[in-house]
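Lettered A, B, C and D in written order, each chain numbered from 1.
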């Protein structure tokens, strides 16, 4: 039941915020924040209770939904899901705080959309019925679309439509793959079921398995995004309002990786093995390509967006390295990338609020007047560049280490991403905080909400960087549950 | 003709009677409200008698009409749609000059034609239903005959519909000459390739010509060219009628008689359907891509939606019939809602169908705009809405028959489709320029009747989108005999 | 006969001629029904012909009324004049 | 007492964090107290640890202090622990003690700077990272410290961020070392994948037992680690960043870019010497790199105008000596030279800082002169430090450590006369450029006005370092001179002693020492003639001099090979070529929309023909398929 509440609280809070927004401009943000804090508390409670060692899921809820097709409203929680919903609630709070003062137009509807996106994301992380998963998968699109299209920057419409179209075409392919899988299952087992657990046992011909895996991967690779399906991302991230960028980078991208971990690997273990070289190559291309493009950008938000492409390359690489170390690294990387990139977007938003520009050429020498913001910014830039002691390093290192065990060459090539990563990180720092203050900008330093965002995020990154064990312990059982055919542990 | 036959026919009879009563009442005294009320009452009575009729079904009434669960289901749907159209038309016509009352009479007749079509099991009744529907529609489309556009649309529809009738008739004649029977059931047996019943060249040619007539009504490629003009020219309630009752009843007929057991699969006619489906999906969506008139845009989108429906149609198996039925239902609800909202908004003498007229609607009429968005999202097939489940079932049907090519066309084209729905959404939610004063969309109250029907439609949209199980059971029940 | 009507429909621009051609096509179908009926020795074909004639009459009456109105709006009977809606 | 070890990195770290958060609001005194005090306490803790280590050596002459398991994923469970053995103890002492002196110096040197607290935060963080690097029991912890010092180096080079050139220099330093770091990281992957652990001691044991000498894996691993070492220690081919790094405040240059961080590469190789022993080819490469670097950098040092750049090239050159020693297996000689170098190079930098500060941040030697009387402390510091650097026989520390390397470069197993000659040539150049510097700055006519004189906080560290630069050499005096190699013996439990094979009638340590002394004299005399007697007032302008001054053209080379292509690629593809694929798709649909729209003519006859054509097509289809 608590799983349902996690989603329901967000949905209700969204509706409440929309209604309240008609009477009071300040009410929606308070409602959203309260709902998220409540949800976070619930999640922490779940975490505190510990994972169940006896069963696959530590929390489960299953209701019949469309019995004719074996569709269930089936939510379940394991360590992987828990980590990610914790991240969801955490970044949700940050997103609400980041847009505390920035939203003038229709705050009620804005927060409605934020809450519903988060509800969709939470649903995605909890659903174990394929249909339900798809349902939530699409549910998070529409509010996100509105967030970009209404509250975004100049090219918001283009970005929002592009985002929606890319996601939609790929998810429809996934939907077809899901349906085919279910029908094949029905032919062998005699009954329709969209339940992951039932479908796991479906015997598949190798070619069919490959096709289905590609169908699923289409959706996840676009969402991740993997090279060469990434081009929606810079536009969407750059044009979205701060909260939207935080949620996009921090959470929506993670749903792609989550989908691969939750569905693709267990459902299509053999196809995954066959696809691994291709996907890993794409991942490495993505790492380097994203980094080079990030280096080339002149728009701060676009720059950060391309760094996401690069970082998500590491995630993809780790997933298809198909060994436990890399997979755990993937989850760590997902969490810490969510935090560090989210923070960078908050920073970009904060700068945009002051400078009314996202162009790097309008910045420079900001340290002079905003030492705190700049220092914090540098911290996250360095986190993004993979500085040891901070979260991203742990993820990247484990991913690369795991990958090395699978294919040393690709791992070495991917490690070049550390250099290219340093290139864009340094350029970012150089063009914004450092250098002469040529524009004589003089703006107030970090405000209270910016501090309230920065401090927990820094603490989290340090915590993951120095002692990621609690995180790893949560993920471990989920990784161990991966089928033996897919994930090979060396030694 | 026994008493039970009459009971079975009671909804049809009541409906026709209502049409007469409305006509008589107009002759006695013109009163808009009264005519509308009478029409509504008649529809309600007819709807209520469905239960009564259900007690004696299934039953073959004479050689012409087959009344069974399937028929009654579609009758119910058509009657409900007609009632919704009446409610919407009332508020729309209030603002129009000229006579308003005959609209209801014609509309009821068109609905009756639809009912006949759904129930027909014989070429003659098919033809009669077809023509009752068509002729009423000519008048309905050109109802505002003092305006240029409706008139032009009316003339176009008249010429083309008559031509298509000619095609249909000629095809039927050819088939008759080949098979010696005008019973549709016999025809279906021929398609199924029953022993001693193979179709010759004339038979297949006749089938193709019949398809031309039916395809025209459904507006599938390549018989779609008229759609945008008629949609644009016709008054909004008529457009809604064309989009829902006309297409719904024709498709119901098609589904019942041409689908049996996927018997067509592999035949040239089946391929014709496949081509129609693919071409409709692609062409419809591509045509709508940059359309700036919302009515034309919805017309093009309807072409595409008929294409999606065709995917379910060409698929085999019980799932296909159910999927098609569900999809059709979802579609008519959605499109009726969309046209309904437009008719509520466009309450002036002039219709406001240009995309620009809707700019920033959300900030002025949030509830209506939200409803409109829901309709658009349903058309685009986004979850929470009936349109999504419809598309889901269609895909399931297609996948279970391994129609890969069609499915990929479906995916590609619905992505293209999404683009223009989003275009409309963007306009709805975009900000208003400061000096832009809205004249077209007054802040009037939504009339109660129209508001009620819209609310019901929206609720249905979400109920069918979220909890389809009961409806699915119902559809399964009524379509048990087919496919 | 059917094709003749069709050809006329496609080539003539005058709306009256257009309507006439449609009539020709309808009558062609009617004739086909009668012929088919006679092939099987049934009366059904002739019944259909009656239906067709009745329906054609209804159609022409509505059609002519509209053409009249059309002529009032456009001072021509050229069917191509009615192309205000396109694209 | 050994358990106090964790305090050494923890104290500076705490102070760094506090300073970063509250520093800007604290009074300057408190900042100084925290900044210097934490290092001082760390130094005290280190000395206590050292005392305890020396008096009661732990079993195996090594001590492990496990703290926590960093991360555990399957078999990958690196411990976050500290490891103390003679080598790390030596490093610990040098880092904390020299660090303390430099911090003390900084309180005066940086006193007018608005980023005072920031400076100390960075410096403290640096010391903490450096100690982590030194003490890490696990290669991953070492790597963390490794990156941490790189970060601090970046922050401190770009400390005066308002000047874009400083920021560029910082970026360059970070990037070039990052290249080496990446090789290092790949080395870690390889080591873990093959040997299943990253714990340094276990790693060495397993390598020894599992890999035969000269095996491909050992070569690969050693080569990758060498990549890291080369980057951090500014050796060929990644040496280009260090001269530019002089953009940072002078105490930074002293601490990071002379005494400690840049020698991390030496430490890394010494730490993992087992691998290098297993890969003799790579070890030879180390020696060649060292020899080449020491000559190249010495030549460059000869023609610089900027006093700090002279010292920077000299640092590169001296580390070249250490690499030479490592490459020949003279592990403890390298460590010995590291120690003496830390003292005298820190001294030189600090003294240079005193000069620079006195002259309003003037760094051009050709605008200095005659400062002997104005700045006696700086002068004597330079004389002592410089003599140690040049290797003034028997008196200075530098002589003993360099002599050891020179001797072993020939006598060792891999030694040869060529290395020996390189070393001698390098020594000649060293002596020459050192005294060139001294004569240019302190003799001749005064060209700049001395505005302020150093205070106590500057003088004291200089004095202490002077003492160390002289006497540290006596820790390890050659047995042939009747001395006792105490340091080498102490280190021998970790670093095996070099086997001296090439010993003959001519080839003796005494001849080497004599030659070295002669070479020193030659260099000194040359400098005396050129820069004192003839008083060259202008830097050499020949093509060769310009080539040397520009660091042998490496910057230009790399700019053409790497930087420009990368930037070009980035610029060209700024709009993301992949996106045009999707744009093309979009245009295609738009075009087909336009095409299809033409079919909607509005003409009823055309629409009717649509019906006709459609039926005809389907009739044809039926006909064809039947």
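A few notes on this one:
By definition in this document, contacts are C-beta pairs under 8 Å (C-beta built on N, C-alpha and C of every residue); 3 or more make two chains touch, one makes a residue touch a chain.
Just so we're clear, the structure is a prediction, and the values are computed from it rather than from any experiment.
Between C-D and B-C, more C-beta contact pairs join the chains of B-C. The chain with its CA mean position farthest from that of chain B is D.
Rounded to a whole number, the gap between the C-alpha centres of chain C and chain D is 95 angstrom. Separating the CA-averaged centres of chain A and chain C is a span of 63 Å. The centroid of the Cα atoms in chain B and the matching centroid in chain C are 25 Å apart. Chain A and chain D, compared by their mean Cα positions, are separated by 38 Å.
With touch defined as above, residues shared between interfaces to two or more other chains in chain D number as follows: 597, 600, 602, 604, 608.
Across the assembly, chain B contributes residues 155-156, 159, 163, 167, 228-229 that each touch 2 or more other chains. Residue positions of chain C touching 2 or more other chains, listed in rising order: 6, 9, 18, 79, 82, 84-87. If you check each pair of chains against the touch rule, the ones that pass are A-B, A-D, B-C, B-D, C-D. Of all the residues in chain D, the ones that touch chain C in their complex are 597, 600-605, 608-609, 612. Residues 6, 9-11, 13, 18, 79-80, 82-87 of chain C are the ones touching chain D in the complex.
Of all the residues in chain D, the ones that touch chain B in their complex are 589-590, 592-594, 596-597, 599-600, 602, 604, 606-608, 610-611, 613-615, 617-619, 621-626. For chain B in complex with chain C, the touching residues are 123-124, 127-128, 131, 134-135, 138-139, 142, 145, 148-149, 151-156, 158-159, 162-163, 165-167, 169-170, 172-174, 176-177, 180, 182, 228-229, 232-233, 291, 296.
For chain A in complex with chain B, the touching residues are 64-69, 105-106, 131, 134-135, 138-139, 141-142, 145-146, 149-150, 157, 160-161, 164-165, 168-169, 172-173, 175-176, 179-180, 182-183.
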